[in-house]
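Next, two complexes with chain A in common: one pairs it with chain B, the other with chain C.
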Partner chain A sequence: MSEETPKSPPRIGVFVCHCGKNIGGVVDVPSVAKFAEGLPNVVFSTDNLYTCAEDGLTCIKDAVVKHNLNRVVVASCTPRTHAPLFMSAIEEAGLNQYLFEFVNIRDQCSWVHMKEPEKATKKAMILVEMGVRKASLLEALEEKEIAVEPSALVIGGGVAGMVAALGIADHGFQVHIVEREERLGGLIGNIEKVYPVKRAASSVISDLERAVRASPMIEVHTSSTVKDAKGYVGNYDVEIQNGGASTFHRIGAIIVATGATEFKPEGMYSYGEDGRILTQLELERQMREGKVDGVKSVAMIQCVAARGEKFTYCSKMCCSVAIKNAIELKTKQPAIDVSILYNDIQMPGEALEKVYTDAREMGIKFLRFPLKARPQVVADGGLAVRFFNESLGADDELRPDLVVLSAPLVPREGAKELSRMLKVPLGQDGFFFEAHVKLRPLDFATDGVYLCGTAHGPKGLQESISQAMGAASRALIPLSNGKVRGEAAVAFADEATCIGCGNCVKVCPYVAIDRVERNGRFVAVVNSALCKACGTCVPACPSGAMTQKSFTDSQLLEMVDAVSQEEA
Partner chain B sequence: MADQFEPKILAFCCNWCSYAGADLAGVSRMQYPPNVRVVRVMCSGRIRPEAVFKALSNGIDGVLVLGCHIGDCHYLTGNHRTAKRMLVLEKLLDHLGVDPRRLKVDWISASEGEKFSRTITTFTEQIKKLGPANGGAHGRRG
Partner chain C sequence: MADSVLVIGGGIAGIQAALNLADKGIHTYIVEKLPTIGGHMALLDKTFPTNDCSICILAPKLAECSNHDLIDILAYSEVLSVEGKEGAFKVKIKRKARYIDEEKCTGCEDCARSCPIKVSNEYNLGLNMRKAIYIPFPQSVPRIATIDASVCMHFTKGKCGVCKIKCGAGAVDYDQEDEIVELEVGSIIAASGFEVFDPKEMTEYGYGVYKDVVTSMEFERILCASGPTAGRITRPSDGKTPDRIVFVQCVGSRDPKHGRPYCSSVCCMHATKEAMLVREHDEHVETCILYTDLRAAGKGFFEYAERGKKDYGIKYIRAKPGRIVRDESSGELEVWYEDTATLKVSRMKAGMVVLATALVPSRSTAKLAETLGVELDEYGFFRSPDPLLRPVDTTRPGVFATGYCESPKDIPESVAQAGAAALRASRVVAGVTA
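On to the complex of A and B.
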């Protein structure tokens, strides 16, 4: 591909398309081509029946050679469908493909002004003039190709992390799992059974761990943290720290699977004042250790600290955890009295709905309280739970042997540091925040970094596993391509005029701009591998140092001027 | 009405939403006034408020800034910037002697051809009512 911007003055060729009758039936195409001939820098102008057809493309290629054209303007349909075709045609003729400008005189002219052919023709002329004036200032661009290191880093060795790691390793790429704890397993490693399948959580973990340990492609770093990660998609330099010792790795893609942990509601609901007031996770441990075998009555309280009490969000899986534990208690000792104090029950889907029905049929009581008057727990030698019972419309009191608080999941410690290190955002609740809730739910805005599991927010095991498989396949795109292609029309900061204010750094949606020190002063540097070519940084620059290639200020102002200078 | 005022209208459209909406209006043959000239940018966040002001003070009678709907920006948050910057510009225009009604910011998706056509039509009518920019001295200010 030709990489050079021609040094000789612009020699522009204009090709105006009839598109059969689509344009030619309304716009006087030969007149537009004739008009273009008179525009500055235009050395050749013609009309084609179909510029996109083989003879149209040949016409362009021949004219580039014959008339020594160094810029090409096609006035036809829309760049959204046809730009690549014409760009590759001029490249075949030896021009850089970015020395091309598209003018839309069909979708945005002949088709929408069908009853005003004269005005449509006049508009087509001015649109061509805008295109020609911009084309005079076009420069050759290149799409940077970046090699991708064929290895991945998975941060977090819980279920999501292990599933993601296996997904990548199974495709033959090296994976490093970094787990802060001594063992793999994460949150699920602390629980007894997973519902609705009623499978032992330990068997889920051990199956995954066995596969992870057996994989020759996976290296597990337990009791370790990611100390540092520098770089960009395909090219991260990662430092993994274990105790005092560090190892260094070149990494192509990163998956954040740092998980979540149960909130400890210290100071709420008398938690911490009495050993008989537990969280759900603590209850599971006591059940496993046989410590609750003699208990005759249990009251569980839902939405502790959640949904406006301390955190704004619903933790999504506390309902199923509470109902699961209630069923486990009831199954072991059918005489036990279990009450679940709730405001809303979230048991979506066929399987969980059935668990909820089963719980009610077993005689587990569901007692509703209003969110604005949450239950109170009093440890007065015994335990009292006082609440407003919505079904009775009256104050009510339970005297259980055990109070179990359903507290929400909260982000793991260190999420903030990691977000800063990887330049990926946290939402207002402190969980990692995806690029787009619907369109890119497993990606970060930053290329090469992906997200799965409860690091992203509270969710059940099934959803975490689905996300982990998805995140692995997202990460496999750059890994298996072996390279990523950067945008051509990237932003560029002129270091001489940059005043180092950092405005551009703040507005870039892709964290593609760094403020770095050069010769004793700060300047902005765009990482063209990360730049997605939106140009949002350009208006943010107060010194005029920032430019977006192919959409420069002077190119756009030429187009504006063409319109303002248009004869009325 | 041979010498009826025909305003010059400039529309900055982002490549992914509003420009695609304009294409859809075309594919659907939705007719609208031919006064508008579209300048395509990749993101509405690329549009400099200064360029809008320059256009309005240099003989263009109305400027449309059309981006993706908030939350749908191809570049995640580019149009959030547009929304903020153009809001400031609208306030400034009044002080700079330009009727702020000559600027319209709107969000048009790739599937809203009808909205594109309607936006152009109503804006063109509005500018016709306002009359030429620069108090009727059509053309450029020296």
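On to the complex of A and C.
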């Protein structure tokens, strides 16, 4: 990659994308491309049906060579998904990839002004002009290579954490598993059997634990927590605390596998008022201890606190847990009467649907209630479950010996703290929030940190295991390469003008700036590997020493000039 | 020890597995039977639960595969045989003749514009026409024309030749022959995806009889700006915008009698998304979803369906229709159903009906399994000897399966599981045994 900013005057190419009808159906794309031709320093302008398609990218690469372009502007969709694609295209054509400017005329024009095509077109022209004016001042930037420490940290020693750790260790990298409890196993350590494979949970855990303990590459830290994690992809300094003692480790990649726990529905459905009202997890314990052997009838209630009652979400696995426990009860005591009160049964896929069919064939009753009128549990000496039975179209009542509440999974305590420590977000539901719901389900937006299992949201064990293997695979990308390319468009402090006030150090959310002594005075120094290019430090700087590369004052003012000229 | 991996299937699962491997430094082949990679995701308009434009988020992945130094795409190709064992497979692949010199074709489509033959366009599920020489869709990778020799007049009647004349690059080569290539790979990942169950046999729904009864994948193309109606919601029979669209769930799914007993996993959310998009395109069109259980269990899915009800006015009725008939005088469809919440038999007029057809392993999967020497389960999905701890393993060491062909799942689950397959495969080429 060329690291030199071209010395010759700017020669800008503009590529305006139709995005099929997405942009072209509203914005007059050919007119925008024609307009761009007349802008200063523009030597080539065209429109493409899809600039991101192979022929669009070829069109850019060919134009760079043919017209000797030294800056490229693409007006299309969003840099969030497409900037890396266009940047690597101009790099292939021999340009420094930072000599590229993105103009978003989809979200900002054709989508928001769908009903006003003329105004949308006018706005697209203004935005393109702003992009072109900024592009004239773009500079080549250099990406630093960052070495990656060949070790990983897996936070959480449940099934997902162990599977992820084994996946990484298999490839020859050191792994530290940190588990808060005394033993490995997590939530699955509290259950009897795993469905739909019908395997003893204890054997799943012991198999995994044996492999983990046998691996010379895995160090297990039980009764331990991650006290601190500072750094960036490839280079985290991690403090693991066990009791009062701390150990310190250099870590290349981190996997969050902190899991989830069953919500205790205190104060709902008379839970806590009577020992015969249990959660599913409590039922499993009582079954293990033989405490339910004499019970003649059981009523299970689904969606407790979930799907809009207390939490907005569906906990995905409670239907399969309830049906599993119902089948286990029925298998042990065929005469037992088990009713499952539900709203929608969630048993997707092949194996689970089969379990659901088996349950019905065994005589387990499924009674549907509407979410608007959820069941009520009354402990009046006996137990009464009152609900609107949809298949009867009438109010109904059960008098079971035992009421079992299917309560949702909720994030583990400490998720918030961990999210702050690793600077990775939580969603509204309190579970960790991935980089992209569809295409990056196991990545965080922060490089070098990955997630899997129920820390990401409620799910069954099989899916958690697939995710754990997937997260290990993602973490192995920086680990196997031994290096990553750092972001180049970061903040920069000019030591000559810096007055060393430290304002930038205070406002930086990524702890990326240090105040250091140079020749008898203090100046700010940006750690480019930590900087996330948020730009917060720039307005905080009173002396004008701080610059956000690719968003310099002169570049931004040029854009403002372009837009204000239009207004006038 | 061969240090490459072969991925069979160029849908999102295969693409993601290949990128995961290649990004780790492992050379990977993608074999795709169609002329382009992209799979079903390339045919979707938007994706739930974010309503991201599907091709917009997929196209960069396609281009990444195409530009990756460590990925070789063999599109329009089929696996003929697999010999050897884990760590050292020898694979024979047929690269079907496109009758186009791949080096010369610029993807300009001058050939397609001049081609006189029009045939049903499978990329719009037969809702419009394509030419005998064609590029499936603008983001196709590789972006190379293909001659469909089964309909091209040069091959069927020995005349024409217009495309050869029009091609400025001199890329058309009628004499091209299928080519057999042999690859040595350490591991193989099958990602052969799904196809839509044909609902014709469920005659009560009138699919194939009434034009305005369509499958949910067909309707996806009708919603899509790059589809046959340019995203206008018009019905196939007369081009009118329907007053009401009724979505029927579990057509062939959860139905041991006619179709498959399993739940296809994605259709409830798929219908919810399509109904939302209908309302976004045209707020005057009513939407109603007739469902069995609303399977909205994934992350953010229940909230999405709630938004569908509250913000988009989608009506959800728990019912399975008994039959669909057409009122010949008005041309409108009538859906007869029993509402299981009110226990009443009712009928509803519908301008269009969208059938959420079961998704089944793609037709090529059975043959592929035979070639790979692995077992399938009773419904034709790849079988793992340990579905819990080794979900992507097959019955043959070194061969893995991921995505919908492993079991029904949505895009994020396919992407996550593709990583799992990449992990298992990279372990093989790294020489880890057991």
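Observations, loosely collected:
Here is the rule we use: the second predicted complex is superposed on the first by the 347 of 568 C-alpha atoms of A that agree within 3 Å, B and C clash if a C-alpha of one lies under 4 Å from a C-alpha of the other, contacts with A are read in each partner's own complex, and residues count from 1 in each chain.
Heads up, the rule we're going with is that a residue touches a chain if its C-beta (ideal position, glycine included) is under 8 Å from a C-beta of that chain, and two chains touch if they have at least 3 such contacts.
Treat the numbers as computed from the prediction; the structure is a model and nothing was measured.
Touch criterion met: A:112 reaches chain B, while chain C stays clear of it. Comparing chain B with chain C, more residues of chain A are touched by C. In the superposition on chain A, contact of A:223 is made with neither chain B nor chain C. Once the two complexes are overlaid on the shared chain, A:480 sits against chain C while remaining clear of chain B. Contacts of A:540 after superposition: chain B is touched, whereas chain C is not reached. Applying the stated contact rule after C-alpha superposition, one finds that A:445 touches chain B and leaves chain C untouched. Residue contacts after overlaying the shared chain place A:344 against chain C, while chain B stays out of touching range.
By the touch criterion defined above, A:79 lies against chain B but remains apart from chain C after alignment on the C-alpha atoms of chain A. Overlaid on A, the two complexes show chain B and chain C touching the same residues of chain A, namely 436.
On the chain A side of its complex with chain C, the touching residues are 19-22, 25, 49-50, 52-55, 57-58, 77, 81-82, 84-85, 88, 92, 163, 167, 170-172, 194, 197, 199, 204, 207-208, 307-308, 312-314, 316, 344-354, 357, 368, 370, 390-391, 393, 427, 431, 436-442, 452, 456-457, 461-463, 465-467, 469-474, 476-477, 480-481. The touching residues of chain C, counted against chain A in their complex, run 12, 16, 20, 23-25, 47, 49-50, 52-53, 56-57, 59-61, 63-64, 66-67, 106-108, 138-143, 225-226, 230-231, 254, 261-263, 265, 293-303, 306, 318, 340-343, 377, 379, 381, 387-389, 391-392, 407-409, 411-413, 415-420, 422-424, 426-427, 430, 432.
Residue ranges on chain A touching chain B, taken from their complex, read 78-80, 104, 106-109, 111-116, 119-120, 122-123, 126-127, 130, 435-436, 445, 489, 507, 509-510, 532-536, 538-540, 548, 551, 553, 556-557, 559-561, 563-566, 568.
Residues 6, 8, 10, 15, 19-20, 22-23, 25-27, 29-32, 34, 37-43, 45-51, 54-55, 58-60, 74-78, 81, 85, 117, 138, 140 of chain B are the ones that touch chain A when the two sit in their complex.
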